[in-house]
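Okay, structure first, notes after.
By written order: A, B, C and D. Residues from 1 in each chain.
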Amino acid sequence: MKYAEATVVLDGHIIDSLILPKVLDTILALGGTFDLSEVRIGTKRDEPSHSKIAIRADSADALAGILRAIQPHGVMVEGEEDCQLEPAPRDGVLPENFYATSHLPTQIHLDGRWLDVEQIEMDLAIQVDVRHSRAGTVPMGDVRAGDLIVTGRQGVRVFPLERPRERDVFSFMQAEVSSERPNTYAIADIAERMRVLRKQHESGRKDSNVLLTGGPAIIHAGGREALAWLIESGYIHVLFCGNALAAHDLEAELFGTSLGYRLSAGHPVPHGHEHHLRAINRIRALGSIETAVREGVIKSGVMAACIRRKVRLVMAGSIRDDGPLPGVITDTMVAQHAMRDGIQGVGLALLVATTLHAVATGNLLPATVPTVCVDVNPAVPTKLADRGTFQAIGLVMDAASFLRELARNLGWAG
Amino acid sequence: MKYAEATVVLDGHIIDSLILPKVLDTILALGGTFDLSEVRIGTKRDEPSHSKIAIRADSADALAGILRAIQPHGVMVEGEEDCQLEPAPRDGVLPENFYATSHLPTQIHLDGRWLDVEQIEMDLAIQVDVRHSRAGTVPMGDVRAGDLIVTGRQGVRVFPLERPRERDVFSFMQAEVSSERPNTYAIADIAERMRVLRKQHESGRKDSNVLLTGGPAIIHAGGREALAWLIESGYIHVLFCGNALAAHDLEAELFGTSLGYRLSAGHPVPHGHEHHLRAINRIRALGSIETAVREGVIKSGVMAACIRRKVRLVMAGSIRDDGPLPGVITDTMVAQHAMRDGIQGVGLALLVATTLHAVATGNLLPATVPTVCVDVNPAVPTKLADRGTFQAIGLVMDAASFLRELARNLGWAG
Amino acid sequence: MKYAEATVVLDGHIIDSLILPKVLDTILALGGTFDLSEVRIGTKRDEPSHSKIAIRADSADALAGILRAIQPHGVMVEGEEDCQLEPAPRDGVLPENFYATSHLPTQIHLDGRWLDVEQIEMDLAIQVDVRHSRAGTVPMGDVRAGDLIVTGRQGVRVFPLERPRERDVFSFMQAEVSSERPNTYAIADIAERMRVLRKQHESGRKDSNVLLTGGPAIIHAGGREALAWLIESGYIHVLFCGNALAAHDLEAELFGTSLGYRLSAGHPVPHGHEHHLRAINRIRALGSIETAVREGVIKSGVMAACIRRKVRLVMAGSIRDDGPLPGVITDTMVAQHAMRDGIQGVGLALLVATTLHAVATGNLLPATVPTVCVDVNPAVPTKLADRGTFQAIGLVMDAASFLRELARNLGWAG
Amino acid sequence: MKYAEATVVLDGHIIDSLILPKVLDTILALGGTFDLSEVRIGTKRDEPSHSKIAIRADSADALAGILRAIQPHGVMVEGEEDCQLEPAPRDGVLPENFYATSHLPTQIHLDGRWLDVEQIEMDLAIQVDVRHSRAGTVPMGDVRAGDLIVTGRQGVRVFPLERPRERDVFSFMQAEVSSERPNTYAIADIAERMRVLRKQHESGRKDSNVLLTGGPAIIHAGGREALAWLIESGYIHVLFCGNALAAHDLEAELFGTSLGYRLSAGHPVPHGHEHHLRAINRIRALGSIETAVREGVIKSGVMAACIRRKVRLVMAGSIRDDGPLPGVITDTMVAQHAMRDGIQGVGLALLVATTLHAVATGNLLPATVPTVCVDVNPAVPTKLADRGTFQAIGLVMDAASFLRELARNLGWAG
């Protein structure tokens, strides 16, 4: 045979997502040709489309290349075969040709039918439990010798994001980052979502948690009261942060400063840079932040609100930490697992004034979770997008202004 | 009649440019429905596609809204009528409903046939010379009472950019701006274009001019020698700048400093901030930069190279100027006209280390001119894109590193 | 004589301003030696100090160099001679060795006594009216042949800024720019100043004007209502801006958009980028912004507030302008003069979200005017400081958040 | 007694470092008065000064406050008492009033004489070995119950940095960060230092190590060859990085990409974002980076150079890591200790394109180590300074341009 052929099927909201021309373009770009044997384009917004494309390439290799390239757009090869499984060769090592996940909804073809991959997350492998017909993701470091891992791309399909129905800021996903957008309206949309999610959360609906991942600039810049109020009022259910946010929050309570600046006047205080060290030492002496709150040493602020409202708190350590505070997870892989657990059930993620924690959280979030990235530096949301978290909406503003405006939208009188 | 109908035709590289689904999406989004009566999709990269779409809407108004919205994608209404013309009511005032241009190739339908709009540029009006069957653009301030101006959108069509054939950095237009791209390879591609354009320029080919629009940071940051070399070597044919770039270039020659920093050592010099004033005063005393070069007062640098190589130089004034230097055009509208003239014949535009001049140049450039925007601040290329110059590729790096690397690519030994 | 000697006197708040050691250090750095013949250091904060320094250098030239270098610190040579005057050789050209001003309070020694230089401003020359014993500044371009201009440094003294008595944000002048400061407290201090200045303004006190220099991002980012309220409430008396701020303010009124984004929802509007053009055209048709306000076409917003409150408005043109609007001064030198006039009587300057206009305003402001520079990009306040406006306090935040917080501090309910 | 008095002594290069007026100003600012009973100011640059200041305050408390505030300037109370020691109450907890170190040279007064504090580092406690008369620093987490810790400020003195003799870029320490400085000359100065340090390093001189702390943008941006050359040529002796720099370096070797971008052309590669995962997996399969280099799997690049030149390599984990690579220290406190060890003997520190690792390294470096911080984002050096590493010089440029220019200065032909 001089050339190779395959017929693929493409279903779904082809128009909305501009997939069909992208697929055709990719085929041509990789040297193939195509014949559109069937095209049925939905004539209403929510009516699915269907097309069948016969692809021809110069060689089986070229064809495989094309199929590999168009697979992430949700293309299925007709008469799709089961996915291929190989055992992990050693603890912590994946088979050479393992399938690397994206954070889009994904299915594998096993025993003739499509199976959802549970807890999807980018840059992991897919581990299959053949006996119970289940598939899930596994980080490289967690794999055990003999675990069955999906290899190659055959029998794997991913579903591109559909544009959300709501006509709010989240329907303009993939927006470029710019400091010239009216942030106030984006904040109003976010507040509206949080109002709905709080109601759902109270009635026990799943995927109604709101996650805030925050950096210490929240405290330095004057956003402490607003964030504490949001937590106390039940709008935030999971908090990811590092040693610094917690330490400066406690410093603010014990000394009235943050990074040595007096918060009530914005002036540097002599020897104020020591305050966060003294705050950490005092909490270490007490044994835990919980104790400090229970014993009334810490009465207000972000940490006190978290303890009182039983917010799921993950404090992850970093190499620049002083102390650290009791409760900080110093092993980064252990912390990553704790964050992975904390992600479950999250329906909205706010990443505020932190690059490291924002990218780490972005790595763990499925693409289906609406995500907002707030930073005074436009490079942070760009970095997030560069690393695959394309669904994040970027707001270029300082953390305090964001949190104060958000809280005011939800009823804060500060 | 309860509803309104129209049939439109869409030709061209539909696949490459993802136009068809965008058009269909827009129709649905604005409440219309469609029937794809003909779809012929080119099966090779450069084979044109053709589709005919019957659109139905609830009212004539709704239909008009849809047609207005899809027109910029190159959609033509079948049996297209001539464009509408209205005389300008007063000098400097356009008819209320004037058609505002984009910087994409544009045609108007006049006397039954399509006519190119000459010297296309964004945010202008289209003026028609009926007698000679010619159409061109006119800035609001230049229109005279009675000039015939195109109004509405009927009989106007624009052509989306086709992806260039060359597989260099310019084929990835609309790329997001990021500081995490390997700039060195983009620079190699730019150098290659400049090599080709220099050859074409020497053989008198049109559209072979290279334009550099630059800010004073070129001089402060240490890019003076490289830029002067590029000009002396015939790689740059048009220079747009302000008073500051010229003043600091001359300051460097006369005092060895820039903004008061000694260029040979990077240290501030006592009273060095006065040097640019003294440089300007000396040139004013001589009468012109040309005289200063001819009389040997200025021997090297950017200005000397421009004079010697007869580079087309437009120095536009701004409100922060000292002096200014002789030759600076202080009236901004006069300067804008001079820049508009200088744009003619440009085949590559480099916008380096300036926000004001970069945006002003971007406003004047047709979308078909490959454009590079270099700035250490990623917000500058973003700003350019926000204002419509979407074809500009952004490089996030300092002006000196860019110019030195570019010149080295072209043979500079510095 | 093998070496040269001079005795200088240094008076004022030596301690506060760290001048004495700087002067001694400079003498040593330039190869001189010194003898501190008298040191009387004030032992209270507001008690002046006095010191007499005998300087010795290897040559008269070296001594002159030292005297030149220490003169800006307020050092006076004992037995100071009169300043030297030379006539300007031609219109628009200063004598070669003209004295270039700083923006610090300055005196010249004429006919045996010290004379204030009026309307001090950086980077100008000092022109002397011998007959009336007056000295003032003159821009290079305004000088006429024969005008008497101060040359050299003899007989000129400048007074370093004293630290203000108020313990607010302005007492920490020269602070580094950082996005990690609690801006809210700085804003409270600014609001307090504005409250005081409004009262003074109403009672006719001089130097009680508040100047706002603003860029169009104020409108894009959602700060229009807050700024309009500040003007309507009498907190702002002078407004410097370009064509863009005014055009987008009018666009917001006429179309509800800014740069094509719908302000009430933050979404792009089809063809919205044309709105500012249509707004400009409509005002041009009416003849002026004043007419548009008077006739009720423009009812609210920044421009309407300016007209109603008789705010001194200077709109300066730039090469990127569309239109421009009636009232925009297209000649940059004419605009600079209008800004120079507008500066008179200003007691507080707010430079918000503009690089070009902020630097241009900074060039005109005496160092004694408290100045705030607000930008989401920390490079803007740095640039201002690099160009000499060291007294400006930098706030790293977006324009809308700043203006909204400021207005709320002063009683706005938005 | 109605008021309190103390006499303090201030020695050293008072002029150079502007200390005296700062001390006097602080006394006044805190409500005290002073009498300068002795002032002897050195009349040559390297001649020490001496002054004796009698301080009077309203109360013993106020006096203590003043003494606390002026102590960091190197002020010693006459008849200085020994420092105070308290045992640590528990493992990992310091005495409440522990003295928190700065990163300036520090001594404590013990048994009547001054003792150097070894391995000074900011934000630690001082632990004293009374038997051997030695003092060193101890991190909060490392202290054991009963360890003797210095408390209060009595008997502690710190020595401000003296300005270096060399007249290179490092003599302008504390310079503001700006993108408008001629970086090329700063780089030439750095190269010169590295040339000297390499010679010293080869002859076994102490404090001759050059440390590079780097982020992955070095690889993305195209600086890999230059950095590998610098290491191979013996200019760099210690490398601090995270998992990402190493992974992308290995990805570049195995796949020719970085973050999925083909390095030889700057274009995205289909599925290229998986490459770093595959690279990590392959190294995990081999067991270690060393093995990969020894077996010839990895032949060139940064990691190969480090292994071959026996560079001291500390790879610290973070929560955003994939894998991680063998050799990465996942516990942040263990990694911090490894970095602390690696700092010993460092005579020059280059912090390139990383915020987290730069701040972490800055926290560990004594103020006496010349330090350069390179980032395309001017906020990074500012952040470093905000956290106390005031000695760092900031260069605003991209990592690749910096490393390429630096290597070219040292003889690289790339």
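Odds and ends about this structure:
To be clear about the criterion, contacts are C-beta pairs under 8 Å (C-beta built on N, C-alpha and C of every residue); 3 or more make two chains touch, one makes a residue touch a chain.
Because the structure is predicted, anything quoted here is derived from the model rather than measured.
Two chain pairs, A-B and B-D, are compared here, and B-D has more C-beta pairs in contact (counted per touch definition above). Placing every chain at the mean of its C-alpha atoms, the farthest one from chain C is found to be A.
Here the spacing of chain B and chain D, counted between their Cα centres, is 46 Å. For the pair chain A and chain D, the distance between C-alpha centroids works out to 33 Å.
Between chain A and chain B the centroid-to-centroid distance comes to 38 Å (mean Cα coordinates, whole Å). Multi-chain contact residues of chain B (touching two or more other chains): 179-180, 259, 377, 379, 386. Against chain D, the residues of chain C that register as touching in their complex are 14-16, 18, 20-22, 24-25, 28-29, 33-36, 39, 41, 43-45, 176-180, 378-379, 382-383, 385-386. Residue ranges of chain A in contact with chain C, taken from their complex: 169, 172, 179-186, 189, 217, 220-222, 258-259, 261, 263-268, 376-377, 396-398, 400-401, 404-405. For chain C in complex with chain B, the residues that touch the partner chain are 68-69, 72, 89-90, 92-94, 96, 98, 100, 123, 139-141, 259, 270-271, 273-274, 277-278, 280-282, 284-285, 316-324, 330-333, 335-336, 339, 355-357, 359-360, 363, 377, 379, 386-388.
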